[in-house]
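Below you'll find a set of structures to go through.
Consider the two complexes below, in which chain A is the common component and chain B and chain C are the respective partners.
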Partner chain A sequence: MLSLTTEVLVIGGGATGAGVAWDASLRGLGVILVDRLDLAEGTSGRFHGLLHSGGRYVVKDAPAARECIAENRILRRVAADCIEDTGGLFVTTPWDDPAYADRFAAACRETGVDCEEITVAQARRDEPRLHPEISRAFRVPDANMDIWKTVWAMAHGAQQCGARILPYHEVTAIRRDGDRVTGARVRDVRAGEDLTIEAQVTVNASGAWAGQIAAMAGIDGVRVFPGRGIMIAMNHRLVNTVINRCQMPTDGDILVPIRTVSVIGTTDVHTDDPDDHTVLESEVDRMLDDGEKLVPGFRQARALRVWTGVRPLFEDAKAAGTDTRDVTRAHALLDHRQRDGVEGFVTITGGKVTTFRLMAEETVDAVCDLLGRDTPGSTAEQPLPGSESGANYRLGERLARKDERLRQEQTICECELVPRSRLEHALAETGSRNLDDIRRRLRLGMGPCQGGFCIYRTVGIMHAAGGIDAASADASLLDFLQERWKGVWPILYGDQLRQMRFDEWVFQGVLDVGHLPEAPA
Partner chain B sequence: MRRRDHDVVVIGAGTAGMVAGARLAEAGADVCVIAKGVGSTHLAPGTIDVLGYAPGRVESPADALTSLAADHPYALIGSAAVADAVDWFTATATAAAGAFPGYAYVGSLERNLLLPTAVGALKPSALVPETFVAGDARQLDGLTVVGTPLLRDFHASLCADNLRAAGLRTTTVSLEVELDRVDANALGFARRFDDPRWRAAFSARLAPLLTGAGPVGLPAVLGLRDPHAVLTDLQAQLGRRVFEIPTLPPSVPGMRLFEILHHALRRAGGRLVIGAGVVSHRREGDRVAEVQTATAGSNTTYAADAFVLASGGFHSGAITLDSHWQAHEQVLGLTLTGVPDAGAPRFVPSYFAEQPLSRAGVAVGPDLRATGVSNVVVAGASLPGSASWREASGEGIALASGYRAAEVTATALGAGAIA
Partner chain C sequence: MSDLFEIELLRGTLDHCVKCTICETACPVSNASPLFPGPKYAGPQSERYRVSDEAAVDASVDYCSGCGICSQVCPQGVKIAEINAQARHRLKRQRGIPLRDRIITRPTWLGRAGTPVAPLANWTLGFRPLRVLAERTLGVHRDAPAPRFAGRRFSRWARAHTSPAAPRKVIYFHGCGTEYYEPWEGERVVAVLEHNGFEVVVPEQDCCGLPLQSSGLFEDARRSVRRLAHSLASQLADERTIIVGNATSCTLMLKREAREILGLEDDPELRRVAERTYDICELLLELHQRGELRTDFRPIPERIAYHAPCQQQGHWIGKPALELLSLIPELEVREMHARCCGIAGTYGLKAEKYEIAMAVGRSLFEQVEASGAAEVACDSETCRWQITHGTHLPSVHPIDYLYRAYGLDHG
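On to the complex of A and B.
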């Protein structure tokens, strides 16, 4: 069996795990990161895209608000290319307690979250589709963050420092030597091979799955309650500013413009299984109704895709009480030497995407303690690869590039303006022949037509590029169609139903993919 | 407000509407086909797939048609009308005075051809353009599939590899061709193939690269003006039989199919107005008296004694499902059938399973008359009861129901038996 040795093994390739890999690499530590799936395929890739200003938490959870605004300022600098500076608005709609607005403004001042009240007229000039009966409006520095870009930038940065990033490597056992964790045994699920990774410190950054990984290390009581939330991506930028309801945080009160879509979210339903991605019709209806309260006519817009993410809500059964009120959205860093007498093992869970960098930094501080190093972290100053110029992403960048090379470059995905060269680069760079992996890199197939045209083209180009036979190409195509359908069928109405019937025409009527040798019976 | 009066107004310019319009015009009716836009023809491969799967692969549509459910469109149309429609269409498409002299449709209800798709599956079709015939896998031993990187909507290597997996000896040629830009869609290539010098240069470049045996499969771009001449030239220049494989839309053979039907409609004195979406209608008692269309300048009212509704299903926007999960027939406000009840699943989690909503359509009686009105006959994808893509039956239903709708309508008008 292949065996690898490293100083730090990171389990989990979400924002936190990738952040740990990046931070530790910058401090000169040897790093291997493993994830059972692709990077950012769990909770990180399933959030609404909001880089919080902290406004959401100012009244309810002041420390969280302070963390958010501090991280917001840092990430705008170091992850500039992954962030679009949309700004945010908190608006009081007719359904909101009008008294909350003053509490909100005061709490923003106390927590240091930049906040400026503007006139309703100004808010409606900025965002003409806003509900006409809003009574108060506050500007805050919300933004959106492309999490895939962020996670891949950190992974690439870590790789440049020598780290090994191993997606599709599932942990099958945590290695223990007496009271010490010495790494893990993992399975390369694509190659079907097992390997052992020997590590001085193992970081459990598996988020909602942290309890499962800790249990594999023989550590109990790490309780993570997965809180499932649904999000719906609506076609177009219904708004160009993040819109929040000015009220105590609840369901369906945020609308985030990101890339070419607007995402409404979310709900919070306790689930026992972090892999539970159920979408209920009642939840969809609720989101659409909530959308109407922010932007009248919301139900007439086109819903592209629905998905759920699971928040890792942490409760430490070894803490003072076991009351569920201790369940917290704050992050939790567990040094199992102190907590359980187990050396070489650290768990980081809970938290939110906005604070991933801080979580990673605190985790690597703890790792350095265990290793007896005292190198300070530098992720608050060091820009991610691609963000060196400090310029934020702007909507329209892809279109501008396309215009420059209109006659020199084929467009493979018209919805997301993906040129052939980028597709071929991604195929070469990742070596992946999985359409879903490519989708996450390039946003290919994520626009209004949901892959109606680009997926056949991509499979054809992938096959011609080599390294894949027809059976695997077919399987990849069919898997993609099934995966896409999962996020589409619960919200099929209006123009998107029409689109999917058209896509069926392409895939079944023109290509007859249902009768490929690999097709399900 | 402009106002026009006709014997019959056909709503929808897909295969069903165009067939109904052409047949009614041939019967002597004053007919106008109005449509929001061009229809199914520009998307579908241009073949007439009568019945490909039921649910296993169908060898003989004529046999399989008799065993369909009683509420299937073919059962309502009747097998005699299906056979008549196929005969009429074959004659119309092949007519010397037709849109494309020499260009013929080939096939029958007795035996499906088995034709490669762009991904390399083999799809059963009953009637196909002559430019497809050499691709019939039943007659094939070896073949060569030719593509070019400049046409992103057709990928020869994937197509060939799947055909190889199906047991056909297949070779591939990736041809570099000269264009003034880095890509063109099927339509762009078809316009180039219309130019005899361009296609001669294409053949000259391709001929030395052909090594394998058998016919040559090209993406379906062999011209829009004179496809018979393009096919003839290429076969002569390459010294092999040549056939077309459908690309992603726009569909060049489908556009030819549209031209064939449009030509037949015009020749018989019928009119076609594209860009005329119906925005409202007026009833008199149980009759639809007129429809209003939104057209450039001002709206136009079309009054008629009878209407044929061939506006399509969910894919065309003629039938919609709103965000409260209510289905509507948008054009004439007709009653729908086959829509799952509130609370029942409209879709199921498996993409490849039949979706419960897929058989919904406008409720009709046995002679395709819309329920609740006396002068509307329904044709094509507006009809309930079929799962057209899964069955590979959409174009056949469109042809046969368009044909039958014309028969029913002409009889009701008293225009006499159709010639």
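On to the complex of A and C.
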């Protein structure tokens, strides 16, 4: 069995795990990161897209608000290229307690979250689709964050420092030697092989799965309650500013414009299984009703896709009742030497994407402690690869690039404007022959037609690039269609229903994908 | 409701796009030139990347001629041409409007300046060295079809003319083409209407703002169309009074485009005007369908071609001119099946677009030539000038044949 050795093994390639790998690499530690799937395919890749200003938490959870605004300021700098500075609004709709607005404004002042009240007329000039009966409006520095860009930038940055990033490597067992965790046994899912990774410190950054991984190390009481939430992406930007209801945080109260879509969310339903992605009709209805309260006509607008994510809500069974913050959405860093007398093992869970950098920094501080090092972290100053210029990304970037090379290059994905060269580059760079991996890199197939026009093109190009036979290419086409379908059927009405009928004609009628040659057994 | 909100709703129609590409196959411009990436691309697709207060990044949308065919053929109801017009407007607002566009989009200025000195102005427009100069300095193509100033104004004639009092009244909206370049067309419209028992009123009027709008100068266009709507609306006290026009793109502007593209959906005067406005052939055909059109037509033993302009198609009234012309004995009318003559108002005048406009029109010109027609009937003046430019055949409004068939040309 192949065996690898490293100083730090990071389990989980979400925002937190990638952040840990990046932070540790910058401090000169040797790092291997594994994820059972592709990077950011867990909760991070399924989040709402909001880089919180902290406004959401000012009244309910002041420490969380302070953390958010501090991290928001840092990330705007170091992850500039992954962030679009949309700004945010908190608006009092007719369904919100009017008294909350004053409490909100006061709490913003107390927590240092920048907040400026503007007139309703101004708010409606900025966002013409906003509900006409809003009574108050406050501007805050919310933004959106492209999680895939962020996680990949951190992974690349870490790789440049020598880290090994291993997606599709699932931890199947934690190796223990007496009181010490010494690494993990890992299955390379694509190759179907097992390997062992020996590490001086193992970081459990597996989010909602953290309890499972801790249990593998024989540690109990790490209870992570997966809280499932749904989000619906609308086909275009109904708003260009993040819109929050000015009320105590609840379901369906945020509309986030991100990339080409706007996303309404979310819910919080407790589930036992972090891999539970059920979408209930009632939840979809609830979201659409909530959307209507922010933007009248929401139900007539086109819904593109629905998906769910599971929050890692942590409760420490060992400390239950002693610290209420342990059952909030704040993050939890567990040094198992102190907590359980187990050396070489740290768990980081809970939190938010917005605070991932801080979580990673605290985690690597603890790792350094275990290793007896005291190199300080530098992620608050060191920009991510691609963010050196400090310029935020803009929605129009792809259109601008395309317009400059209008006649030079074939467009593969028309909705998300992916040119052929970028597809070929991604195929070469990742070596992946999995359409879904390519989708996450390029946003290919994520637009209105959900792959209707680009996926058959992509499969052909992928096959021509080599490394996959025709039958497997066909199979991956079918898998992709199946995967997209899952996110579409719960919102099959109106325009998206028409689109799917059209796609069906293309794939079933014209291409007859139901009768492609079978892969040899 | 605000203009901004209206514009948001218009954008929102992009949601209906299923990417079927019918608009791209029908677009005359993208099929003739690679400089315009096509209506689906520039419209519903690119619109998802546009943020109102951010810099416009896609200069290629300026190559859309605004003919509106895409919106007409879209089976899903996407307002493609209108979305593109918005994008063009934003581009112009941010990058500045060329002097040329400020000039050629103001038929009133041009007309007032050219009319008193018509012989000189016409000579200038035909004088090659000056045209070359104009191309270099202004960007108006040296070969682009320029109408000739008539040297007299239709409104002058109208003031001197007394329409016999009749129970049914129409307000005649003649447009700038009739006013400065083809006043005789207006005289014929009036004669045909009076022959059918209408009293024709010609109120003070000015440009509808369409050229401004299609070049992206929205603020000026709004001012123009509001002024015109105000003047026309003041005549509409009697519930039965209607407005009729022979400049088909300008009547479309009043009926629909100004409200949709300029976000004036809620302007009450414009709405009233829009509800009562008819294209001349639309009105006459409706009369005929009610059995009220006089049919004392004399034969016209000629063969003509008929081209329905894109803007006429935008009225969603079919091709009433064809049906009217078929009432005239012995007149042989060949319907052309090309989509667009290329000119699209002022598009084909622009130096960088002239070749595209001619390429767009080629199919029509070839069909006209193949038809053996001696003359081309067409409802829009700029299209007529382009057709004459492309075929060297005279081109007139369909109303001319009715005028002749009624024998009105012999007094």
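Definition applied: the second predicted complex is superposed on the first by the 509 of 521 C-alpha atoms of A that agree within 3 Å, B and C clash if a C-alpha of one lies under 4 Å from a C-alpha of the other, contacts with A are read in each partner's own complex, and residues count from 1 in each chain.
Methods note: a contact is a pair of C-beta atoms (placed from the backbone, for glycine too) under 8 Å apart; a residue touches a chain by one contact, two chains touch by 3 or more.
Small disclaimer: the values here were computed from a predicted structure and weren't measured.
Contacts of A:Ala464 after superposition on the shared chain: chain B is touched, whereas chain C is not. Look at A:Pro448: by the touch rule set out above, it reaches chain C but stays clear of chain B.
Once chain A of one complex is fitted onto chain A of the other, the partner contacts of A:Arg394 are limited to chain C, with no touch recorded for chain B. After overlaying the two complexes on the shared chain, residue contacts for A:Arg407 are found with chain B and with chain C alike. Using the contact criterion defined above for the overlaid structures, shared-chain residue A:Ala473 touches chain B, although it does not reach chain C. Look at A:Tyr456: by the touch rule set out above, it reaches chain B but stays clear of chain C. Measured by the number of chain A residues touched, the leading partner among chain B and chain C is B.
Shared-chain residue A:Trp95: touches no atom of chain B or chain C. Once the two complexes are laid over each other on the shared chain, residue contacts for A:Phe502 go to chain B and to chain C alike. Chain A residues in contact with chain B (one complex) as well as with chain C (other complex) are 407, 453, 495, 498, 502. Across the complex, chain A meets chain B through its residues 281, 288, 299-300, 303, 407-412, 420, 453, 456-457, 459-461, 463-464, 469-471, 473-474, 477-478, 481-482, 484-486, 489-490, 492-495, 497-498, 501-502, 504-506, 508-517, 519-520.
Put simply, chain C touches chain A in their complex at residues 2, 4-5, 7-9, 11-12, 14-20, 34-35, 37, 40-41, 45-55, 57-60, 76.
Per the touch definition, chain B reaches chain A in the complex via residues 43-45, 53, 57, 117-123, 150, 152-155, 157-158, 161-162, 164-166, 174, 180-183, 246, 248-249, 251, 313-317, 320-325, 346-352, 388-390, 392, 394.
On the side of chain A, the complex with chain C involves touching residues 124-125, 128-129, 235-238, 240, 260, 297, 301-302, 394-400, 402-403, 406-407, 414-415, 417, 447-449, 452-453, 495, 498-499, 502.
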